[in-house]
Amino acid sequence: MKVTLKYFGQLVDVMGNHEETQEIDVKNSNELLEQMKQNNPISHIPFQLAINDVLIDQEESKKLNDGDVIALLPPYAGG
Amino acid sequence: MKVTLKYFGQLVDVMGNHEETQEIDVKNSNELLEQMKQNNPISHIPFQLAINDVLIDQEESKKLNDGDVIALLPPYAGG
Amino acid sequence: MKKVFISGPISSDFIGESIAKHQTKTSIGAHNIFLGQVRADEVDGKKVAAIEYTCYEELANTKLHEIREEAFEKFDLICMHIYHSLGTIKTGEVCFFVFVSAKRRKEVYAATEWLVNQVKDRTPIYGKEIFEDETHQWKVNS
Amino acid sequence: MKKVFISGPISSDFIGESIAKHQTKTSIGAHNIFLGQVRADEVDGKKVAAIEYTCYEELANTKLHEIREEAFEKFDLICMHIYHSLGTIKTGEVCFFVFVSAKRRKEVYAATEWLVNQVKDRTPIYGKEIFEDETHQWKVNS
């Protein structure tokens, strides 16, 4: 299925862009997280996922659907 | 001896003015305090004394001199 | 001796300008500001219209100087300003302005609270609460 | 949903005007304001010249709404405002403005500190510290 990945903070530098559409072959958020931590140059950066603007708890694994917008969020640094 | 008495807060209302010069017949601040609490309409109002702009501790008794400026200070209400 | 007492209300422009003056101090990371505003309290069906502030200025300045020195010892501050109104301040107007600046935010909250309490407890300032019908009562700090 | 994000620095005029707007609310007796100012920190001999703030605005607004609701439950407040800059904020400029108002002063200090911490911890905002030589590093909150 096709999803949109949005990058924030340091991940923008590492991934080289803010947003990209990507074909993925996983069923849920945990599988996606697993795959990203292995295949990407981002394995050393801690981050959380949000799917369609909703933050995903580290313990839960959410089913992914075609067209989902998935945000990768490193630790916040506001203020 | 002659001293200047300065009134603040509620004491201005009770004494009818801000400041007055008065002949007093006491030696120190404790005697003055004693006399004021008895003779004046201010016996029900708590106040501290300052002599020549210096606050007098309740426990100490300060010698009074001719020309002293004595301030009568009810509890503060700033802010 | 820094000037603390201001005749009349403390305007929002004055507060804005005080903030602007700190923008050249680039070691500051956090400001904390306390503002006291005159409240339209109701007492026995009568509404406060204004507070008339007076003070024993010589002693007040001595005490405020002591408070400043102690604050700089107690807290890791870069800047500190205290302003208090004298004269008649109408409800809704600001009569008390405490402004604290530090490198990091951690220290500023406690410093502001401490300063506000010290000024209230140790500075000979008096407030006459004037009601809408022009009667008055003397303000008592709780 | 209240508007929190401001493009560019938060000016002292804006802060002054926010204060002025509260002068009609005569039940307020105490305001507390926190301001975050961009600091010219030095890292390995290089000086920070600005911070470029970005955020994940949809999620940030949801989180800020939650924080507001919780604050009104936790503290006895009359008003509360939160503003945060986006874009490039130079050293000395204000990027974060938390404004809390209550009947009495007691509650405002803790409310301000709580709000500042919640916004920092729960809102997806990012800061890129840009050095004078145009290199950068990503800001990390301590």
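For clarity, chains are labelled A, B, C and D in written order, and residue numbers in each chain start from 1.
Following the convention adopted for this analysis, contacts are C-beta pairs under 8 Å (C-beta built on N, C-alpha and C of every residue); 3 or more make two chains touch, one makes a residue touch a chain.
This structure is a prediction, so every number in the text was calculated from the model and none was measured.
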| item | value |
| --- | --- |
| Shortest contact path, subunit A to subunit C, counted in steps | 2 |
| Identity of the chain that, by mean CA position, is farthest from subunit D | B |
| Distance from subunit D to subunit B - Cα centre to Cα centre, in angstrom | 49 |
| Distance from subunit D to subunit A - Cα centre to Cα centre, in angstrom | 27 |
| Euclidean distance of C-alpha centroids - subunit A vs subunit B, Å | 74 |
| Centroid distance [mean C-alpha coordinates] between subunit D and subunit C, Å | 23 |
| Of all residues in subunit A, the ones touching two or more other chains | 79 |
| Per-residue overlap in subunit D, given as positions that touch at least 2 other chains | 36, 105, 116 |
| Chains that touch, pairwise | A-D, B-C, C-D |
| Residues of subunit C that touch subunit D when the two form their complex | 12-13, 15-17, 19-20, 22-40, 91-94, 103, 105, 108-109, 112-113, 116 |
| Of all residues in subunit D, those that touch subunit A in their complex | 36, 53-56, 58-59, 62, 84, 95-96, 116, 119-127, 138-141 |
| Contact footprint of subunit C on subunit B as seen in their complex | 6, 8-10, 13, 50, 53-55, 71, 73-79 |
